[in-house]
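Shared chain: subunit A. Partners: subunit B in the first complex, subunit C in the second.
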Partner chain A sequence: MSGTPLLQVVELSKSFGGVQAVNRVSFDLHKGELLGIIGPNGSGKTTTVNLITGFVKATSGKVFYQGRDITSWSPHKIVRLGISRTFQMVKPFYQLPAFKNVIIPLYSPRVKGLVGGKYGDRSAVALDLLEEVGFERDAQVAYKVASVLPQGYLKRLELAKAIALQPDLIILDELFSGLSLAEVASIVPIIEKLLLEGKTIIMIEHRLKEVFRIAHRVIVLNYGRLIADGPAEEVMENEEVKKAYLGSED
Partner chain B sequence: MKKRKERIDRGIKVRSGDIFALCSWREMLYLSGPRLFPLIACAVLPLVLDTYWQRVLLSVAIFGLLAISWDILAQSSMVSLGQALFFGMGAYCSGAMDHYWHLSPFITIPLATIMGGVISTILLLPVLRLRGIYFAMVTLIIPLMLVRIIEATKILGGTEGISGLTSLPSHWIELYLSLAALLAALFGFRRLMDSDYGLVLKGINDNDRSVMNAGINIYWFKAQALFLSSAVGAFAGALMTHVYMFVGMPVFALDYSILPIAAVVVGGGGSLAGAVLGAFILVPLSEALRALGGLRIVFYGAFLVFFIVALPEGIFHFITRKYHQFERWVEVEK
Partner chain C sequence: MFVGTVVYALINSVILLLMAIGFNLTFGISGVSNFAYGAFYILSAFVTWMLMNWIGVPYFLSAVLSIIFTAFIGAVMYRFILIRVRGQVLSEVIATFGIGLIILEFFRYLGFVGIEYSLPVFIDHSFVIAGTYVDMQRILIVVFCIVLILLLWLFIHHTSIGLAFRGIAQDERTALTFGIDSDWIAMLSVSMGAALAAIAATVVVPLGTISVGEGYDVLINALAVCIIGGLGSTGGVIVASLVVGFAQRFTDTYIGPHWTMIVSLVAILLVLIVKPSGLYGKQKELEERI
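Now for the complex of A and B:
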């Protein structure tokens, strides 16, 4: 863990009217790391992701990616650099079949640049990606319109769309929420595989057990402030973290 | 007893889905019919109609193009109330090039198609971020503003307009050119909307943030869709300028904005074919009702309401379904 970090967040802040959603948050992330972000409801986790990925403009503070200042860039430019994310509230193209959902990221300038403009049949690539995240090939789910898919598949679809962009940094915003234990257990290996491929991952989670099992490092947000940063065991011993989670842990 | 309608693909649809389609002329006809029919209709109709109805057919082609133009925009998340802007822009561009530079219609029409598309796109570029009704309002207002500007500044002929423009060599050329353009736009843009490029446009309509998150600049794609759509409208306007041998403020009239929407509503949106079908129904209907005088609008309106209530999906989707599937009522167990 040396050299310049892949991602540097410096004193990042965002207020919505009177609400200080994110308050001077700073952290570094190195290549190949899996960082967990935890915190009670409304502590600013999603807003932090929105700030990094350009969906929300920062009030103050900076975000550096590979040493480059990307603060308040537009989302599509940030994707082009190699950061992709999933949404906590899934955002599929409801009117399109699942595999066509994946064709749209495959059409992006990022992927075109990486594969050199030639991508014979995007449908075939899309179907492979969906199979990778657990759409059974023979069950025809990949051909179903997204509006009829159950939550479990929509979450996997979010993941497939994020992976389709061949990102270096993947940010997963509560990918596991609303999924059964069995479903979570089937997705964890996919994430571990991404790590082995050298991807860097940020995982926002409510389910502490799952994060603690696979995360290298955890940061804790509370009322928009970063209150702890370190290995899972260390962070959970932190007095402030215990206080923040007392009563709100379910 | 509760019943539900069951829809089953026709045997011929299933068979023609794979290689067997090439083994029998019936299957081949089934597959090519929907494409051959409009081609043959457009080739034959001008020959069997009298001059009056030929004029109506030309009008059908023009409104069909405007309806296609509207449907392309709608599929790309932009609801427009201003097809007249595109139509009028093309009309004035070709009229001005004819009047001031004395260019042949075969040069002014293609140039005006591109120029009209570019100017309309640039005019709407600042409001590309607006959504739904806000974008629609701007498209409605701009043509009205342009009329006032022409009136006040007396440019481009002012209220008089520019007359004495060159006509196309014969009315057969006018008619076949407009019909050929209609078919080219219909098949060409249907193909485009079915491609991965069209998928991105449809994605923007479905969930624009998700398209951004796929690393795609949605404003760049919306601008392209806007150009394609406005170029189609500008072509229609440019052609009509040379048909009327005149261009003036009426080219920005509300008719050119509203009738295309009615055509898409009646024919069904999202397929472009529905838009054309709608024009083929509404324009002749409007002519046929002319005999009724003042009551014309009432009947016309009643017809529109009837279709919206009876076939909200549009006629084209209804026909497609009947063509590919048969239906039967089945009992639903309680």
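Now for the complex of A and C:
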């Protein structure tokens, strides 16, 4: 891809005490691209995303979004620029019904800035969004409080909340974890639709098969270092990646 | 005597509710335990007194200005001190209690002690309710408290800031992902809590005098009500106000006035032993934590 990247990560590092969680990681992401971030447990995937979204402050390095230096910005400011994210451990507002969880981002400064505060019937918009991510309208699941929803619905709710913010870049942190094969299969088309709508997506995943199917590019992290960057089939042929996943024979 | 005690117990409960609602709002939204709360109550009363007696500002305007001033001090306290220790409960308590001590003891040092430091009642009149004389100020306190609770409910449930308040209260991380500035909202919650302490002072102080010691009593009463009700629970605070209010008034009437504060403290201890999270608390019970 050519042109100015939507997101540029330059020599990004983070250490927690003596542990180097992310070590001089650099990569670009262009508009409309789906980037998969994979790596063994503890390789620094989530920390990298936390650094990009401002939930963790970088020790060194830079993050540029649309050419603007957003390193160490607060999360709420980064969201307003158009980067939304989901969390591996979902945390909806448990006391609220699912559709109200989606109404709240519709009142966010980001959405207000885009639509000028006139959104019409936000309940209807929230219900449409939930239907889009797989909440069956007839089953009235959208009206149930989040605390009673099973994991599959909570993950879909997490996705709906991220989409409701009308972001340009969506970061999905292990969206598929804890889901059955059938549930994953039903979410993949939703992600593909988001790509068709022009969204840019970063997916952190352990479910490699599904990521490889839809990602344009994959980067691999190991012990905080970026060890491979390229198309899925190319990356998986990389000796260092094989070693990271399968272990060394030494 | 019994009916009179019940009437005054109800009024006492409303006064306790007024005293506690600001502390509860701040804790419920931002998790900050504002131990300078009682000092804000007294600060506001003294500011009103000073504006009236030193500058000659009319009573109503003095009260409004002192509420705004106290809210501002609350915001400053958050912006420059609490923001650095937020989330570290012990540090929050020490910092706010220290600020409260400075405010209260500074007034004592300046000589603000004596019966001349008092605020006038709004309307000097009284009624007979169920055979008991009740002055107009106490009736106004009840009406005022009901209106205030209603306005607060409307604010929390029907404004975008109220929505942000609820978001932060439920989960700060999720609220951040929606673009809500949690530090701004926490500062607002501390500031609003301080303003509510000032509002309580405006209507309650005319019943007596402005005394430094009252600042400590207000803090203990607010803590008693919030801990018994369950920190952060509005319904819990209302129920606890009634429990403590009735317990204090009946103790005062049938045992002795010097026992009333002890009743509040014993009530806190009993509730902490029987139900550590308070009557309507959402914090985990001890057995759930093990």
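Brief remarks follow.
Keep this in mind: the second predicted complex is superposed on the first by the 246 of 250 C-alpha atoms of A that agree within 3 Å, B and C clash if a C-alpha of one lies under 4 Å from a C-alpha of the other, contacts with A are read in each partner's own complex, and residues count from 1 in each chain.
What we mean here is this: contacts are C-beta pairs under 8 Å (C-beta built on N, C-alpha and C of every residue); 3 or more make two chains touch, one makes a residue touch a chain.
The shown structure was predicted, so the numbers you read here are calculated from the model rather than taken from an experiment.
For the composite obtained by superposing both complexes on subunit A, the positions of subunit B and subunit C are in clash.
In the superposition on chain A, A:R213 makes contact with neither subunit B nor subunit C. When the two structures are aligned on the shared chain, A:K243 is found in touch with neither subunit B nor subunit C. Of the two partner chains, both subunit B and subunit C are touched by A:S84. When both complexes are overlaid on chain A, the residue A:R122 reaches subunit B alone and has no touch with subunit C. After overlaying the two complexes on the shared chain, residue contacts for A:H76 are found with subunit B and with subunit C alike. Once the two complexes are overlaid on the shared chain, A:Q95 sits against subunit B and subunit C alike.
Subunit A residues in contact with subunit B (one complex) as well as with subunit C (other complex) are 53, 55, 74-76, 79-80, 84-85, 87, 91-96, 104-105, 107-110, 161, 165.
Here subunit A touches subunit B in the complex through residues 53, 55, 74-76, 79-80, 84-85, 87, 91-96, 100, 103-111, 122, 161, 164-165, going by the rule given at the top.
Within the complex formed with subunit A, the subunit C residues making contact are 160, 163, 166-167, 170-171, 173-174, 176-183. Across the complex, subunit A is touched by residues 196-197, 199-200, 202-203, 206-207, 209-218 of subunit B. Within the complex formed with subunit C, the subunit A residues making contact are 53, 55, 74-77, 79-80, 84-85, 87, 91-96, 104-105, 107-110, 161-162, 165.
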